[in-house]
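First the structure, in the form of structure tokens, and then the observations on it.
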Amino acid sequence: MKKFVNDPKQFVPEMLEGIALANPGTLTYVPEYNLIMRSDAPRADKVSIVQGSGSGHEPAHVMVVGKGMLDAACPGDVFAAPPMDYVYETTKRLASDKGVLLLVNNYTGDRMAFDMGKEMAESEGIKVEILTINDDVAVKDSTYTIGRRGVAGNFFVIKAVGAAAEQGADLDECIRIGRKVNDVTRTMGVALTACTPPAKGSPLFELGADEIEMGVGIHGEPGRERKKLVEADAIVDEVLDAVVTDLPYRSGDNVALMINGLGGTPISELYILYRHAHQRLAEQGITVKRSYVGEYCTSLDMAGASITLVKLDDEIEALLAASAEVAIRVF
Amino acid sequence: MTDTQQQVDLVVRTIAQTAVDNETYFGDLDSVVGDGDFGYSLARGFEKVIEGWDGIDRANPGTFLKKVGMIVSSRIGGTSGPIWGTAFMKAGITAGTAQMLTGEDVVAMLRAATDGIKMRGQSDVGDKTLLDALIPMTDRIESELRSGTDPSGVLAAAAVAAREAAEATTDMVAKRGRASYTGERSRGSVDAGAMAVAVIVEHVNQAWPTEGVS
Amino acid sequence: MKKFVNDPKQFVPEMLEGIALANPGTLTYVPEYNLIMRSDAPRADKVSIVQGSGSGHEPAHVMVVGKGMLDAACPGDVFAAPPMDYVYETTKRLASDKGVLLLVNNYTGDRMAFDMGKEMAESEGIKVEILTINDDVAVKDSTYTIGRRGVAGNFFVIKAVGAAAEQGADLDECIRIGRKVNDVTRTMGVALTACTPPAKGSPLFELGADEIEMGVGIHGEPGRERKKLVEADAIVDEVLDAVVTDLPYRSGDNVALMINGLGGTPISELYILYRHAHQRLAEQGITVKRSYVGEYCTSLDMAGASITLVKLDDEIEALLAASAEVAIRVF
Amino acid sequence: MTDTQQQVDLVVRTIAQTAVDNETYFGDLDSVVGDGDFGYSLARGFEKVIEGWDGIDRANPGTFLKKVGMIVSSRIGGTSGPIWGTAFMKAGITAGTAQMLTGEDVVAMLRAATDGIKMRGQSDVGDKTLLDALIPMTDRIESELRSGTDPSGVLAAAAVAAREAAEATTDMVAKRGRASYTGERSRGSVDAGAMAVAVIVEHVNQAWPTEGVS
């Protein structure tokens, strides 16, 4: 395993401690519960926005805690939803008169932990709701599944809800906005290599030197199919097609386009994907009004990328454009 | 400590030790169509059980099991924390305050545990989860008890039943959990949770004294 | 080769086109000369700041063109300095009454191309100066070498000079500030894996499964020595020691600390490095006043990281804190 | 076209084609202690020479060489663009407007080229660069001409000298260029630029008609 790691069991706590050390004054770290929160949260006049999920997706979600984004992140271990008492303790610490909104990606483990944590908090009179995110088109709704997975599109839900909460929206309004953004957001990812969880120490799956996994999950779950690796433009064509036809996005639509790196892919390659995606959309009469190229929701060190589209209207566009501050700043 | 509590101690201790010892194996099973963390999650949670072993409330077997369930669900993340935690807690609740547990009590506790998992996971037999090992195993325990088999014999039969049932998950398509996202591609590999149950029951069977305790 | 790439020869142009498409209005792309420039440059009342170098180090330098940073980037092909006429054409297009400042990392090829390009531009009456950056402590000044290499520390020179130019500093003042920042900046990097240049299609060097290259260059050049891979904290100890003792940084100093990912290392691991570096510095009485964790100057898809320290005084701190806008924004 | 221009055409064309054909080999040589782009840079630059081949100004050999040098240095990045561009330009300048070139002229052109490289690269013999092949080769050409060897024989000797000299760079420590950053670690591998010179001269030697042109 070629990683910067000490004891793999301390991978998440040490990372969180690093984030806290790099953000004195603005972020607070509660080691007992993997909790990273804004130092000024909770505020009685603001809905507290919390995202929970497994770790290994950084900068999601621990590094997007900040003004106009999350009030707290409640991460579990690598690729594991947090234990329910982390959820409960986090909710308790973030309790605000205006309520707590828990953003949860649609996975069995996450939903169970957050449902249980929420019930425990509610039993103590805390106002708390859950909003589920499910933007992954790789998995079709079917009798087999519990619905689509939540992947990189959660960035847009966080951004919009975070902006709304900052502007004073109440809990119902935050939920309305979060649902609305989730409903117009679609993502699909591909993997060129497998990721290596620190505690496992070896790649999660085998992918041949000339293979690509289409529709991979952000935990290294297999996707739609394994294919022969083709050139960048052809990959974009296939992924974009699956994403565009799912909502569908139509000629005349304005969209936000995100090319999200999965952890091991350099940003140079992401711009090569961006170029073709932007041009393809233009050919179809779909206008990219906001662009996002970089790492937003990763899968440890996996080489790969996902493409996300968000259909914009004035309300969503304004919320995405609102200023915000997070740990993954450049300057 | 009562004989019953000693037996419960032995069973839970063996479950915990088996989970810790098989971290890598269980993780590898979960890597095929899952995300590879099952072994890690289970090991970290049951490590905590072992760490706090002597201090766990042993007022009666039911209380002991509930406490174990709380440690497990507050320390294990992922799907397994709520699932395994619920199973122990439901079993403990069903045991109530009894100091002695009969074979029938054990079956009732196992039924409560699997019902709890079904409720928590909105899952059932045939979804390719640990239920597909646990439920056939419980059925077998029940029928062996009815035929008057002695405890050691019942356990041996349970181990065989769990192993067979776990292996039979290979042909199933996952309908719950992370593996379900892969649809048909989940066919052809064994379910990690079901196989963990089989391995654990085999170890409990081996650890069980062939003579002595009732 | 597991990369998102079409024709490897088009790697750089396609990436640049992607950057331009993602930044309409603010950036202009001149395909003939690999030139990415601010759409509002040159401005007669502002020194034009240009960084040149090979490609493959993104976001350096093409993605840090923007207000308060670079006016233009003049990249060559992957790991190759630009041809001198790219330098000449870029300088001509960025010519301003207040002058053009070319920031050049200290490599033979870059220095030759920029010297020649500058001479050609000067012969046409353009006011232009070169400032050389050389922050890498892995290479010691010696009879063997042409001095230290320029690596991730160039971010700080760009940031400070960019801020000064934006505030109206003249060419001499920009040079003074750039030299001053360069003089108090030190970096060293390590590689866990080799990078794969797209045109080569295979890794640039072989590194055993349990080996680490200490002091690696950002073009995959071998470093000080190859060692057995150790745990993260021990790596930080060794690298930081080399960096701290070089200037040296002393107890009582305030510093900026950068943990720079080399392309294939996820940000989670960078924060694990950050944690220990921050703590070690604190133990030595050195205070981290500004922190930078992420990818600033990469080596394609190389897994690895570098540590940079900048000694701060009030002037440098204010320039680093000045607001700026670049293509690698998060929002 | 004069005989001399034909010969210059043959030499430059062979240099260009060899650079294009050996992209991978030259790149691999540069990977050992360099950054692996030498083959790519050379190939891209000389590709441009071949692309524009018919249109290059052939007023006289000197002009032709200067134009080739301009294409090379405006298309090749890295260290090699300025180095190789300078070499061609200096050779062209030295040739002046002459339509015919003697053996002595060729030696003078080669000296101008190597002096240009020294100036541009602030380098010299012994620094482990292409100069360590070019200069011994030029020395050999000069001495063969003095002994009255015919052109084919001179070229054959030049090829041998360049190969020997290039191989001798293996034992050197790089003092210039990217390889120099590795200090002692640069010992033990051949210099990419020097070996490229050797391979190119060998190809020129093979391409040279054994009889016919003067």
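Residue numbering begins at 1 within each chain, and the chains themselves are lettered A, B, C and D in the order written.
We adopt the following convention: contacts are C-beta pairs under 8 Å (C-beta built on N, C-alpha and C of every residue); 3 or more make two chains touch, one makes a residue touch a chain.
Since the model is a prediction, treat every value here as computed from it, not as a measurement.
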Tell me, please, which chain's centre (mean of its C-alpha atoms) is farthest from the centre of subunit C?
B
Intercentroid distance (Cα basis), subunit B paired with subunit A, Å:
33
Using the average of all C-alpha atoms in each chain as its centre, how far is it in Å between subunit A and subunit D?
55
If you average the CA atoms of subunit B and of subunit D, how many Å lie between those two points?
75
Touching two or more other chains - residue numbers and ranges from subunit B
none
Chain touch graph shape: choose line, ring, star, complete or other and state it.
line
Chains touch in the following pairs A-B, A-C, C-D
Which part of subunit D faces subunit C closely enough to touch in the complex?
24, 27, 31-37, 40-41, 44, 73-83, 85, 120-122, 173-183, 185
Can you tell me which positions in subunit C touch subunit D when the two form their complex?
9, 54, 76-86, 107-109, 112-113, 116, 138-139, 142-146, 149, 197, 199-200, 204-205, 217, 219-223
Residue positions on subunit C within touch of subunit A in the complex are 2-7, 11, 14-19, 21-23, 55-56, 58-59, 63, 159, 192-193, 209, 229, 231-233, 235, 263-275, 278-279, 288, 291-295, 298, 300-301, 303, 305, 320-321, 323-324, 326, 328-331
